[in-house]
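Please find the structures below.
Each of the two complexes below includes subunit A, the first together with subunit B, the second together with subunit C.
Entry: the complex of A and B
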């Protein structure tokens, strides 16, 4: 079995299985946990929990007034690589064909040149995020191995995908196999590391909104 | 066809006997040098070397195969098989093409072997059956496995022609009931050159033989022992539809607008990006066309295990699931694990609450 056959077959299959198992396990165990009752008295005029949750999520989409340029840069940079990753993942025809194989649905793709530009911008943005993490004293203090490893596991598929499309560094079948294997690594790591925020971001931000909304605070 | 005892002198003598001029020979070597990607001056050197070289003795063995490789060679336009047989090589044994049969054929093979011991090139098309001692494919009461071991022992080099001989091919495909293996798994002490393809490009067979005769050595080979001159580039890299791939313009079926416009066939399963062969440059039938030009994606026939890569019409980027139920099973396992975690957490909480209320009740009782 060649490396490409291994990547397209057993590797991606096992990775998808681990991803599915891990996500289901984490979401159900988290949502099913017994909740601690909030014994505070709801402030008069406080919004309903639902409304506070939604508005809390929306308010977190931008930097509050008073925060400096660095915070604004971090947020905008975050949007750049998240959007870039979405364009690459959902817009590249080869990726759409992969998703069609899994779910049976497809949509028109973007020109390869657009994807390549998006990938280069995304890569630059990811490097900028790492530089900030390593240079900011506060970020360095709160960063753990989970953060750095998650950065690596997110960046590798972008880098290897770009190399595969550009046919740089090795034969195409090797580059494609390595690219698929890096995606498999991402899928395996996803439920157990920081990448799980793709699901949990909605819960954590809404819960913060509910907690403070009950106390009459908009955060 | 030579009888093996008289290899037939030099190629120059053979050409002279047929009234072929040096000018024709130069034209011919010019063509060979160009398809082998040799420098222009090589054609003169090749002409001189070929004229002086003895005709190369070739013994051709056919094992588990469909004769498509021989068909491919006999349909060769340049150089034609006739050129090869009478000008370059002395084809001393070839079951499909030789006139004799039975014991006489076996005698011809042994005679050729004795006359050219250690010098003949052994060409094999077809894979080698190894299951049950190789009884699934026999000839003259002898298994292919035994014949190959026997004949390879006195050969100068072995040429595995076609994907079956080079990589096991279709007989090697799952479930491989005959235990088919490539020639290189059996012959490990001699140089083995693979010229895969289903069938291989005739010019690749002829060109490789011409190279060996001219230079007296093996051509540059890649990691799968294929001559780089013919297998150095992927179909994709040399495909005339490549610009459409780069633009992201793909045919989505075999009769849609994209297909009619000649767009890239990646979406309908073309394996050109991972297939190394000269189809896109040398093409077939005298340079008329090749599969992609005819509107069908590349099957990847010159690569190992091309039959077992998840379907010819499945795009290269799509995963090849062994059993999709594994994903469903993982989802169920995840739900069960999650539910178990929840049950455990709730049980611990209930126990903690019970212990707490018991402790507070006990404390109340102690109070005066």
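Entry: the complex of A and C
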């Protein structure tokens, strides 16, 4: 079995299984915890929990006016690499073929040049995030091994993917195999590290929206 | 004093509600909250970053879920952790909730700090003066020694001095008015001001010597048993009267605890409505029961965090000021985004926190001066005391006023008798 066969076969299959089961385990064990019942009387005219939850999610997409430029830089940079990752993952033709194999649905891809630009921008943005993490005293203090490892595990697929598409550094098959293996590593790490925030963000923002919403506060 | 690390760990792990654990698991360590925090903004000390304040409680949870727990390799809370974070959990967090607004994950850090304080209290570790305020409340009815007798004396004296008819322990009154001992001891005219407004509007109201102290230092100190005792005193008094409404005076956390906490802390719905005094005055104004002379002093309004950002009553204060305070200028930021005074969450009662608290107050001074006014009106006696002390510290010559008092001073026909 070649490295590419291994990557495409058992590696990615095991990784997908770990990802799916791991995420389910995390979510079920979280949602299965006791939910504190709020017995306080909702403010008259306060939105329903559902609508407060949705607006809580939307409101936290951006920082309110009046917060500093540091916040704004980190926020914009965060959007750049999140959107970059989404464009690469959902827009690249090869990825769409892979997703079609899994889910049976597909959509038109973006030109490879666009994907390459997105990948370069995403890499730059990830590096900027790392530099901020390593240089800001606040960020250095609050950063843990989980943060650095997650950064690495997120950056590697972008870097190896870009190398594979550009045929740089090794044979294409080898580069592709390495790329797929880095994706497998990301999937395996996903449920155990902070990548879970991709799911948790819906819970926490909505719950805070509900918490403040019933008080009649819009934050 | 021995520090009971086990008790702290048990207390952390006993709090496993879904929202709390989600919050702890969701933090991506992005550092956005630092900018929103008045303490970090003032000190520049990275340890004051709100997310960092949650590390011990997050560690306790992580330890519990750690895969190699059975080998004894899981992270454990240590005495050093508790000692190091004591200052971060008590002295440098007013639970103002400003960091929630900027958190991309929407984590409500203030709630977690409130929960975390219980673990420190269980361990027997925390600011002695804050803990004493809680114990005094349990043993003497109030953190500042306002016993029922002292309250009666004060009210009697105020009735004479301020020429206002007081209602004390009036049977079957519809509205139970509570006090904050900060007001009773330091700003007693707040008590007569509330009485004047109630009388003016013809409200059927009373103070009660059985349930009067609305501040809840049990809650602020993380001593849940005392928090319950304090709530029960007022709830029992209101139930004995059959009161329809309990009015919380100018005190932010007292409102937060009674309005948004009591039913959950006591585990049952309250048989009465809870309103902050500003909400009650706004209600009287809406009903056309307030006749006011215009208040012309150029002023700005400071939102108590627990009333506005975490209480939802920011609009009522504006409604009172509308058409009454003719020279009112909003500060920036304001309402739900406002900066805390620096003394909320019990920080006011922590002596060793005073230095940093005074520095924090500079933010407020700058905010007031930027409005071009020179008078700061608020609706929280705790904010007012914090501001008064910091004002003295900086020899700032700005004016400090209470919203309730300026309303009471400008009532037209304040001689109306109660029902």
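Following the convention adopted for this analysis, the second predicted complex is superposed on the first by the 207 of 219 C-alpha atoms of A that agree within 3 Å, B and C clash if a C-alpha of one lies under 4 Å from a C-alpha of the other, contacts with A are read in each partner's own complex, and residues count from 1 in each chain.
What we mean here is this: contacts are C-beta pairs under 8 Å (C-beta built on N, C-alpha and C of every residue); 3 or more make two chains touch, one makes a residue touch a chain.
Everything numeric in this text was worked out from a predicted model, so none of it was measured.
**Student:** Could you tell me whether subunit B and subunit C fit or clash when both sit on subunit A in the superposition?
**Tutor:** Aligned on subunit A, subunit C fits beside subunit B.
**Student:** For A:5, select first, second, both or neither according to whether it touches subunit B, subunit C, the two together, or no partner.
**Tutor:** In the superposed model, A:5 contacts subunit B only, not subunit C.
**Student:** If we overlay the two complexes on their shared chain A, which of subunit B and subunit C does A:111 touch? Say first, second, both or neither.
**Tutor:** The first partner, subunit B, only.
**Student:** Touching A:49 in the superposition: subunit B (first), subunit C (second), both, neither?
**Tutor:** In the superposition, A:49 contacts neither subunit B nor subunit C.
**Student:** Have a look at where A:34 lands relative to subunit B and subunit C in the superposition and call it first, second, both or neither.
**Tutor:** Touch status of A:34: both partners.
**Student:** Between subunit B (first) and subunit C (second), which, if any, makes contact with A:209: first, second, both or neither?
**Tutor:** In the superposition, A:209 contacts subunit C only.
**Student:** Should A:60 be classified as contacting the first partner (subunit B), the second (subunit C), both, or neither?
**Tutor:** It touches subunit C, and subunit B stays clear.
**Student:** Please indicate which partner A:95 is in contact with in the superposed arrangement: first for subunit B, second for subunit C, both, or neither.
**Tutor:** first
**Student:** Specify the partner with more touching residues on subunit A, choosing between subunit B and subunit C.
**Tutor:** Of subunit B and subunit C, more residues of subunit A lie in contact with C.
**Student:** Could you state the shortest Cα distance, in Å, between subunit B and subunit C after the structures are superposed?
**Tutor:** After superposing on chain A, subunit B and subunit C come no closer than 9 Å at C-alpha.
**Student:** Both subunit B and subunit C contact which residues of subunit A?
**Tutor:** 33-34
**Student:** Would you tell me which residues of subunit A are touching subunit B in their complex?
**Tutor:** 1-2, 4-5, 8-10, 12-13, 16-18, 20-29, 32-34, 93-95, 97-98, 100-102, 109-113, 115, 167, 171-173, 176
**Student:** Mind listing the subunit A positions that touch subunit C in their complex?
**Tutor:** Contact set of subunit A toward subunit C: 30-31, 33-41, 43, 46, 56-57, 60, 63-68, 70-71, 74-75, 78, 136-144, 147, 194, 196-197, 200-201, 203-209, 211-212, 215-219.
**Student:** In the complex of these two chains, what residues of subunit C are touching subunit A?
**Tutor:** Those residues of subunit C that touch subunit A are 16-19, 21-23, 25-26, 28-32, 34-36, 40, 46-47, 49, 51-52, 97, 100-108, 111, 259-264, 267-270, 273, 308-314, 332-333, 336-337.
**Student:** For a test of understanding, state which residues of subunit B touch subunit A in their complex under the given definition.
**Tutor:** Against subunit A, the touching part of subunit B is residues 234, 236-237, 245-248, 250, 266-267, 273-274, 304-305, 308-310, 314-323, 326-327, 329-331, 333-335, 337-339, 341-342, 345-346, 349.
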